[in-house]
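Per-chain numbering from 1; labels A, B and C assigned in written order.
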Amino acid sequence: MSASNTLSIAPSLADVGGPAQPLITARDLTCHFPVRSGTFAPKKVVRAVDGIDFTIRKGETLGVVGESGCGKSTTARLLIGLVPVTGGKIIYDGQELGADLSLRNLRRGVQMVFQDSFASLNPRLTIEETIAFGPKVNGVPQAEALAIARDLLDRIGLDPARFAGRYPHELSGGQRQRVNIGRALAMRPRLLILDEAVSALDKSVEAQVLNLLDDLRRDFDLTYMFISHDLNVVRFISDRLMVMYLGEIVEVGPAEALYHKQAHPYTAALFAAMPSMDPDARTQVPPLAGDPPNPIDPPSGCRFHTRCPQASAVCGMTRPKVTTLGPGHQVACHLHDPNSGHPEATT
Amino acid sequence: MLGYLFSRLVSVIPVALGVSLICFLLVHIAPGDPLVAIMPIDATAEQEAEMRAVYGFDKPLPVQFGIWLSNAVQGDLGRSIATGRPVGPEVTRAVGNTLLLAAAASVIGFPLGIFFGFMAGYLRDTVWDRIITASAIAGVSTPNYWLGMVLVIIFSITWPLLPSMGAGPGGSGAWVWDWQHMRHLVLPAITLAVVPMGIVMRTTRALVSDILDQDFVQALYAKGMTRTGVLRHVARNAAPTALSVIGLQLGYLLGGSILIETVFNWPGSGYLLSVAILQRDLPMLQGTILVLAMFFVTLNLLVDIAQSMIDPRISRA
Amino acid sequence: MTFTTTPASVVIEVPAAPTVSYWAGVWHRLRRDPAALICAAILLALIFSATFAPWLGFADPYTGSMINRLKPIGTEGHILGTDELGRDMLSRLIYGGRLTLFLGITPVVTAFVIGTTLGLIAGYVGGWINALIMRVTDVFFAFPSVLLAIAISGALGAGIVNSLVSLTIVFIPPITRVAESVTASVRKLDYVDAARASGAGNFTIVRVQVLGNVLGPIFVYATSLTSVCMIISAGLSFLGLGVKPPEPEWGLMLNTLRTAIYINPWVAALPGMMIFITSLCLNLLSDGLRSAMNVRQ
C-alpha cells in the first residue's frame, strides 16, 4: 500500500520516551461501580477491575482473555476514559493521566473498536461523516476532515467513490467493522483497543479484517490491545497474553510460551476448553464447572479457589503473590510460590 | 414481594404531595387575590378578616400549604362560594355517582375491547382485523361529548327509547338498582366506554400480534399443542401489559366522564366541576380535582401492585 | 500471520443498492399508504379553507338573522343550515377550523419543543437532574389529561391564551417521558461512547449523534397527541372555558347548539362531526407516519 497521502499517518501525539518506554503502564488500576438493588437496600459495589498492574509495550499486540464479566472490557474502557477510574494510575508514554496528560489528549493517543458493528455506528450519519466526526471535533476544518475520511476509507479497503455516502444499514457486518476501524484511526492513535472487534463476524470475514489489522499496524505504526474470547485468534495475533479473572490479572506471558505451557490453573482450564482440530492435542484437564462468582462479593484469598481443581486451605485465606517464571512470564498462584504454604507448591 | 410492596407504597407519598401542591396552587394561579377568589361576593369585612386568619393568607405560601393540607387530610376542603356549604360532602356524593358511571362503562368497554383486540391480533391481516382496527381508530378519535349528543338524538329524540337527562326519574334522589334508574345509565355509560374500548382494542391487538410472532409460539405449535392451548399461553403473556393499559384507562374514565356528565346532566363530579367553572366556584373546583386526582393515584398504585403479582418479570425481591 | 491469500485492500463483498437517506425512505413508504395520503389531503384542505376563508366567498360567520334561525340542512342559500342565531353553518364551520385547529396543534408543538429539551437533558445527563425532572413529570402524570386541562383552565378562567397555557402544560409531561426514555436508550449505544472517546463535548454529541436518532420517535409520539389535544381543547370550549362567543369554534358551537337538538338535531351535531373527522384524520396520519418511520410503541 502506497503512502502517497501522509495526512493520516503521523500519530497525533508524538513519541516521548523512545521505544523502551512502555506505551501504557497501569498501576493498581481499580474500577468499582456502585449498585443498588432497591430503594432501601444498602449500597454495594461491583469490583469490575480490582487493582491491576500491567504494561503495553510500543508496537506489540497484547491479547487479553478471560470469561465474560472478568473485567476485560472495563479495563479497555478505563484506558480510553469511558468509565471513571476509582483508583490507581494510567501512564501513557511516561505521562500520568490527570497529572501530565489530560483525558482529551489521552483520547488522541488511544482509540477503540467496539464489538457490535451496528450499535457503534450512528444510523443517521453516512460513514464518511462518521469517520470525519473525530477530526472535526478536534478542530480539523470540514473539508480536510472529509479528505481524511476518504483517505482512510481507501486504506481500510472500501472504495471512497462507492462507499463514502452510504449509511451503516447499507453495509455488511465486515464492511461496518472496517468503518469502525477507520473511525478510530481518524484520531491517529498510537494504541488501538479492539474489544471483541472481530468476534461477531463470519470466519472468512474475520480473517480478512485480521489481515487488514496486520497491514494497518505496519502502516500506522500501531500498538494493539486485542480483547477476545477466541483463543485461536488471540494466539495468532498477539505477542503477549494477559489472562484476567474476576477483575484481577492471574497470568501474563509471551503468547507462544503460554500456549504451550500454562502456569495458572485457570489459564490451563481456558486452554483446555479451546476446541482443537487435532485429536492428539486434546487434553484430559477437566473443563471449568459453573459460572464465575459474583464480582460484588468476590471470594477471599485467591478469587479462583472456589472453582480451582488444585485449591488447598491457603488459597481461601491469602491472596497469592506474583511470581516470575521466565522472561516476561508472571503468574499469581500459590502453586508457583515456594513459600506460599500450598502442599503442591513448586520448591 | 413485601419489599416491593413497601417501596411502591412509599414512592406514592411524594407523588401525592406533589398532586396536593398543584391543587393548592390552583387557587393561587387564578387571577386576582386568592382570598377574594375563595370568598362569597357579598362577604363582609369581618368575614374577610376571619377567612384570612383561618386560612392563613397573611402567612408565607409554604405555611399556607401546610394549613391547607392538614385541613384537607381531615376532610375539610373549604366552603363553596356559590352555596356556602362545605365542599367535602358534596364532592364525596358526586364522586360516588361518577364511580358508578365509570364502573358501568368499564363493564361495557373493557371486555369488548379485549375480546375484539384479541380477535384482530389473532386474525391478523384478515378482513375482520381491518374492520376491528378501523372501528378502534374511529373510537379513539371520537370526541365523546359529541357522541353523547348523537346518541341522545338517535335514542331519545328520533326514537324515544331511553332517557337523556339525570340519574333517575324525577330529577334528584338516591340511586336505586331498578330498571327505572338503570335506564338512565345506559347512554352515558356507552358514550363513556367508546374511547377506552378503542384504546384497549388497539393495545390488545398489538400485544397479541407481537406475541404470536415470537419463537416460543412456534415451539408450542411444533410440540403439538392445540390452538386453544396456544391461545392460553398468548393470553397469559399479554395479561400484564393489558392490565396496565386498562388501569390507565380507568383513570381516563374519571377524566372523560367530566364532559359526558355535562351532556347528560349526570349528577357526578364532572357535573359539579362544570357548575363550579360557570360560577367560578374555586374551592369547589379545587376540592373536586383533588379528590379525583387522589383517586387516580390510588388506582395506579393498585394496578401496579396487581401487575407485579401476575407478571413474574417484575422484581419481587 | 497467514489466514487467507486475500489482500486486505480487496473486498469480496457485494456492493449495496444505491444510497437512500432516511427521510427519502420514509417518504417513499408514506407515499404507498392510501389512508395516510387521503387524511393528509383532507387536513390540508381544512387548513387551507380555514386560512383563506375570507377570500373564498363564504357568508359572514358573525352576522345572523332572527327570522332565519335553525334552518335545516339543505336550505336554499344555507347548504348546511343555520345556527341558533341564524348564522350560516357552513361558513361558521369553515371559520371555526381556524381556532379549533390552532388550539389543537399549537400546544402540542410548544410541548414538543419544551418536552424534548427536558427529556434530552434528563436522559442524557442522568443522575439527580434526571431524578428531579422525572419526579416532577410523575406528579403531572398523576392527573388524567382532561382533568388537568380543566383544572388549570378552570382556575385561570376562560380565554384562548389560558387554554393554550393549560393544554401545553398537559402535554409537556408525556412528551418529556418519551423523550427521556428514547434518549436514555440511545445514550447507551456504542456510537455515543465512540463519540465521547473522540473527545467531543456533550453539546456536540447531543447535536450530531443523539438528536437525529431521538427526534423521529418523539415526533411520531407528538403527532399522536394532536388529535387528543384537539378533542380536549374543543372540550374546554364546550364547557365554557377556552374560546368565548361569538367566535366560531367547533367545541363552543357544539355547546351553544346543544339546546337546539330538539328542533334541528343534525345541524346541532355538525361541529362535533368536524372534530371527529379531523381527529380521525390526525390519528390515521400519525399511524401511517409511525409505520413509515418504523417506530415501535
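We adopt the following convention: a residue touches a chain if its C-beta (ideal position, glycine included) is under 8 Å from a C-beta of that chain, and two chains touch if they have at least 3 such contacts.
Since this is a predicted model, take the numbers as computed values, not measurements.
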Chain closest to the middle [Cα centroid of all protein chains]: C
Chain whose average C-alpha position is farthest from subunit A's own: B
Centre-of-Cα separation between subunit B and subunit A, whole angstrom: 56
Whole-Å separation of chain centres (CA-atom averages), subunit B against subunit C: 23
Centre distance in Å when subunit A and subunit C are each reduced to the mean of their C-alpha atoms: 49
Residue numbers of subunit A (touch at least two other chains): none
Sites on subunit C touched by subunit B in the complex: 135-136, 138-140, 142-147, 150-152, 154-157, 227, 231, 234-235, 238-241, 254, 258, 261-262, 265-266, 268-269, 271-273, 275-276, 279-280, 282-284, 287, 297
Touching residues (chain side subunit A, partner subunit C) in the complex: 1, 77, 80-82, 104, 107-108, 111-112, 114-116, 119-126, 130, 133-134, 137-138, 157-159, 162, 165-167, 170-172, 174-175, 180, 183-184, 186-187, 204, 207-208, 210-212, 214-216, 236-237
Of all residues in subunit B, those that touch subunit C in their complex: 14-16, 18-19, 21-23, 26-27, 29-31, 137-138, 140-143, 145-147, 149-150, 152-153, 157-158, 206, 251-252, 254-256, 258-259, 262-263, 273-274, 276-278, 280, 282, 285-286, 289, 292-293, 296-297, 300
Parts of subunit C lying in touch with subunit A, wherever the complex brings them together: 1, 3-4, 6-17, 19-22, 189-191, 193-201, 204, 208-209, 212-213
